[in-house]
Amino acid sequence: MTTPSTPQAPTPKVGVVMGSRSDFETMQGALDLLAQLNIPYEVRVLSAHRTPHLLTSYAARAERLNLSCIIAGAGGAAHLPGMLAAFTRVPVLGVPVQSRALSGQDSLLSIVQMPAGVPVATFAIGQAGAKNAALFAAALLATTDDAVRAALDEFRATQTQAVLDDPHFDGHPQAGAQ
Amino acid sequence: MTTPSTPQAPTPKVGVVMGSRSDFETMQGALDLLAQLNIPYEVRVLSAHRTPHLLTSYAARAERLNLSCIIAGAGGAAHLPGMLAAFTRVPVLGVPVQSRALSGQDSLLSIVQMPAGVPVATFAIGQAGAKNAALFAAALLATTDDAVRAALDEFRATQTQAVLDDPHFDGHPQAGAQ
Amino acid sequence: MTTPSTPQAPTPKVGVVMGSRSDFETMQGALDLLAQLNIPYEVRVLSAHRTPHLLTSYAARAERLNLSCIIAGAGGAAHLPGMLAAFTRVPVLGVPVQSRALSGQDSLLSIVQMPAGVPVATFAIGQAGAKNAALFAAALLATTDDAVRAALDEFRATQTQAVLDDPHFDGHPQAGAQ
Amino acid sequence: MTTPSTPQAPTPKVGVVMGSRSDFETMQGALDLLAQLNIPYEVRVLSAHRTPHLLTSYAARAERLNLSCIIAGAGGAAHLPGMLAAFTRVPVLGVPVQSRALSGQDSLLSIVQMPAGVPVATFAIGQAGAKNAALFAAALLATTDDAVRAALDEFRATQTQAVLDDPHFDGHPQAGAQ
Amino acid sequence: MTTPSTPQAPTPKVGVVMGSRSDFETMQGALDLLAQLNIPYEVRVLSAHRTPHLLTSYAARAERLNLSCIIAGAGGAAHLPGMLAAFTRVPVLGVPVQSRALSGQDSLLSIVQMPAGVPVATFAIGQAGAKNAALFAAALLATTDDAVRAALDEFRATQTQAVLDDPHFDGHPQAGAQ
Amino acid sequence: MTTPSTPQAPTPKVGVVMGSRSDFETMQGALDLLAQLNIPYEVRVLSAHRTPHLLTSYAARAERLNLSCIIAGAGGAAHLPGMLAAFTRVPVLGVPVQSRALSGQDSLLSIVQMPAGVPVATFAIGQAGAKNAALFAAALLATTDDAVRAALDEFRATQTQAVLDDPHFDGHPQAGAQ
Amino acid sequence: MTTPSTPQAPTPKVGVVMGSRSDFETMQGALDLLAQLNIPYEVRVLSAHRTPHLLTSYAARAERLNLSCIIAGAGGAAHLPGMLAAFTRVPVLGVPVQSRALSGQDSLLSIVQMPAGVPVATFAIGQAGAKNAALFAAALLATTDDAVRAALDEFRATQTQAVLDDPHFDGHPQAGAQ
Amino acid sequence: MTTPSTPQAPTPKVGVVMGSRSDFETMQGALDLLAQLNIPYEVRVLSAHRTPHLLTSYAARAERLNLSCIIAGAGGAAHLPGMLAAFTRVPVLGVPVQSRALSGQDSLLSIVQMPAGVPVATFAIGQAGAKNAALFAAALLATTDDAVRAALDEFRATQTQAVLDDPHFDGHPQAGAQ
């Protein structure tokens, strides 16, 4: 279904799927971080409910491409991550998309409460979860890929330094009342 | 979608009722789908609390018209679906309308947690639930009505194809990092 | 997988499936009522997560047998009802099994909050839901099957009479204080 | 349906109804207090779902008997209090019975979240709510009935004194560490 | 604290209090209905937490004025209704104001979950609850006040007729698909 | 109300109150720790709802005794901590007692969601919260009382060491698979 | 409110920390009140997750400065207050910041549900909690600092008077219906 | 702190930690599966709150041992998984232990709702989550370890076959009514 636009496109190491186009804004957080960490990925819409027959083919593709993991975002009765995990041993990272009525509480429970036997690694509701799924994917790769490890270490060091360098309170006296 | 009544108006096969005018925006999702699938329906406001005496008359009407089902939407302490189900064996499909303070959690529990003996088939909070109630009504009819079955099969095929044809990611490189 | 034990076994009209053996106690409520209403059914364990490849085959079987509906019970991140509904237009009735930690709140949301396009008719958490799914299946059949309609009407009349006949308060003075 | 066993039974001032025999244990809390406060009452099972036609007749009876209020207990999708309030202006006091799966959260929301126009006065989940409904009924009567007012005042004084007299900590040193 | 502006102002029959000025928008729903039903009332801000000493004085005032009930609205950890009920036998009707973070779930539980012994009649979160508290106050008065009963009966008949007269669906054919 | 049994009883530094005798089992966790840390305390039942007039007298007593803080435990619509905080500036530590139907969720929200202006320091539901309230009281005293500081430091060191010394895994091979 | 540091800046008595710059708007409520009550404080961003090594150093600083307490605000999986409490006996006041998806329910539970042994005094979700943490800090200081006690007493008296003086209802007739 | 009992003990590939001895029953589910899949692991109690200084040392140990991941179980305000993730890039798998009052809802939110920047892969509440964390750890190892992959594949095949072989319904007639 997806044909690399150019021969030199790197083989993806992470697959990012989402249940609906409307999940894209959330999942962008994962895509941005993967790109920032220079981790090749592929992305597509894959609906557990509207395209259930693609579950097996994508699971097979993930094994064929030897993906290190699949990041799957979905909302409401979010079955995509769990069903992919049912069809493949490739690790699945689930991102609960914030739903309209229940703010993602339904998405979270539908993803995280998997019965014993088929695991889905679940992250926070919404874009924070999407970003953390990408960082977790990087951490998985970092165990065997020095470049990813270096990129991840730099990312973590940078975000730590950003707190330390916070200019906000620097110019201000720390003691409040005079 | 609705045009003035004429003698040849088809006998409705589905009754759509709602507890309040303010539920109309939600229930429009059901009406649109029923029209799209060419299923004759009737629609009215019917309040379990403000017009309780209409419950028996509408239940009788549903049996007289031999409706295949009643789609009933209501919010908050949503008693309309359950009370209709109490008065008639005609299958009742309940749609929890998203309420203001509790986002439909009250509507959902008031509809779905029926005690044993009087069932209400419940769908998702809000317009997704209204749409799915209509699709479920179509599925009921499809078991004996070839035209509805064909329309429903086409609807499902179309929504599947819409995911497959998703143009969104086509123009973008599918592999993320270069 | 299931071969009728004897040729004269009636063709099932309702399929009852559950995600795990541990759901049986809950689903017994449906089986008992189907039997009481003389509705032929078949029953099996079918795990969306542990036997995902059976989803398509059971969906095909349901269409081949022309089942009037499938009653599917599951708990936790309960994907079975929704995934069956993804694979077939045969109406799916979902029963949220009461889960250990969250008392079925996860089961309920995982089943009822289906996105627009693929409906699952959802019933109450636990055995009340299982019973009501069976009664709803009977109501579906009753629209075209006189015997089921008569059995259902009798069931409803009986349970109404049981309340009217309640002997409990008869021996007690109905007026409290003397 | 209920015929006073003896002519001299006092006319009930409060009607106590419940959706199911299984609610009796909870509602006993109300009956005991009404008896203790010497308020005549009648009690019966009245199911909104299994005996819906009784709603109108009981509402008419409540007006005919000039009941000061109706105490209605129900669990799950608890429609009894709200439907009675729909059929009569007689004040309805709702008691959410603790349900099995959701501990009465469904009962509470189904009773308290009534839409504007038809009020139900709601009390706590379970027997505490049943007792308080009885005390509230007494408070209503107390505005015009001196005997009830005296009984209620005595009840309140007694329960206050019971705290003041609490013997528990008397034998223990009140200062902890020596 | 409140001195009637003119001698001829009628003695209030209902006291409306609220925990904060910010609750006024919600409680306006009660005031409007009381005025519409011609029930004299008084209104004031009375904070359980910021003016706790007023609790006893207002409770005494309520008894002195022989108020038929107190309508008390509050949000968050809403202690006002329960504390008034602790200080007086005058019936207290609690209105949970919709809070910012938790949408009134905290207000509702803080008001409705009173322990056995001190009842607060609780209504829905927000303005629906405020309106219903006023209607319930009217229903209490209606048991002994013919004018209020007539006004309440008219109000209920009017709201029923408003549903029956709903012009929305009248001009439209009730059968949807052609 | 409480008169020290002997003249040499130390002046209490912490007041422990609870809304009901039934809260004692929970609050025992606080009493035991205060005793262990050698902090003099007094304890009594004080019901915001059944003995509201005691609120002012206990608040006055707390100021007169110069208590460093009041630990107040209550369940359900738990108003005791907040009302004490309304009547005195003495710091109030609230302990939500686990309630029957809602497991203390009502207690927690009724205590912690205080509006701006009157603070209650809230701890975990149940005995863990009671223990931590006592430890927090000790921490408050420790800022000016060397003996309490030493006792608290020892307590913390001991509980740290207990983890380090955990004998449980010592006899077992720490590496799992052989 | 805060002006450049000068040698005579008073030693802070309260430390205010927050997990992220985005928490500042919430915590401003605490800073304003501390300034109003003339309590010297310091403020900084301190992320349990992004700058975990600062936890020990800030805990040591709090003890070195002999802070009377630390006010710590955080959202989502809010670990900052609990981890500071793990590293120091200095009392920690936790403020749950309102999170995006779950409105601070996650923040609240992550802060308040500390296990026995390490207490965090928790306040309401959002700015009300921040303000109350500051008032509680003042109450702690007030036990030994006359100036703070006077400032706090004045603050409380003023907010009480503000309710009493409420001009809102003055221009309106207090009795509703004429 | 842990010294392998014998030189030939295999270097652990997975670290299993838990916040308290009382979490052991839950985490046993992970240990059993790791042993069954022949994955060397080490296990210890490590309390974020009672032994916070061990967080850095265990994080360093995990990096030194080149653990493929850390499985961390904790309950209530469960900070252990998130704090370990703060201190090391080694992937952390969090298991929410079912807590007493809130059934693990607090544990779940405290673990899964990590802010962007520091991920924790979260699994279901209780033993199902512990088992799935172990299976997920196996899946991580399986990407580079053929023996683990074979063991995991066999495990998954076996659990699938167990459903297919389910003897339960075999002896029963599969068609219900005769």
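Read from first to last, the chains carry the letters A, B, C, D, E, F, G and H; within each, the first residue is number 1.
One rule holds in what follows: contacts are C-beta pairs under 8 Å (C-beta built on N, C-alpha and C of every residue); 3 or more make two chains touch, one makes a residue touch a chain.
Everything numeric in this text was worked out from a predicted model, so none of it was measured.
Residue numbering at the chain C/chain H interface overlaps only partly, since under half of the positions present are found in both copies. Between the chain pairs G-H and C-D, more C-beta pairs are in contact across G-H.
Separating the centre of chain D from that of chain E, both taken as means of CA atoms, is a distance of 20 Å.
Remark: chain B and chain D have CA centroids separated by 36 Å (rounded to whole angstrom). Distance from the chain A centre to the chain F centre is 43 Å, each centre being the mean of its Cα atoms.
Shared interface positions of chain E, i.e. residues touching 2 or more other chains, are given as 50, 76-77, 101-103, 105, 112-115, 117-118, 120, 124-125, 128, 159.
Checking each pair of chains for touch leaves A-B, A-C, A-G, A-H, B-C, B-D, B-E, C-D, C-H, D-E, D-F, E-F, E-G, F-G, F-H, G-H.
Partner chain H is touched in their complex by these residues of chain A: 29, 66, 68, 89-91, 93, 108, 112-125, 127-128, 131-133, 135-136, 139-140, 142-144, 149, 152-153, 156, 159. Chain G meets chain A in the complex at residues 1-6, 9-12, 16, 21, 24, 31, 34-35, 37-47, 50-51, 54, 76-77, 100-103. Those residues of chain E that touch chain F in the complex are listed here as 19-20, 48-50, 52-53, 55-56, 75-77, 79, 82-83, 85-87, 99, 101-102, 105-106, 109-115, 117-118, 120. Across the complex, chain E meets chain B through its residues 98, 103-105, 124-126, 128, 159-160, 162-164, 166, 168-169, 172-178.
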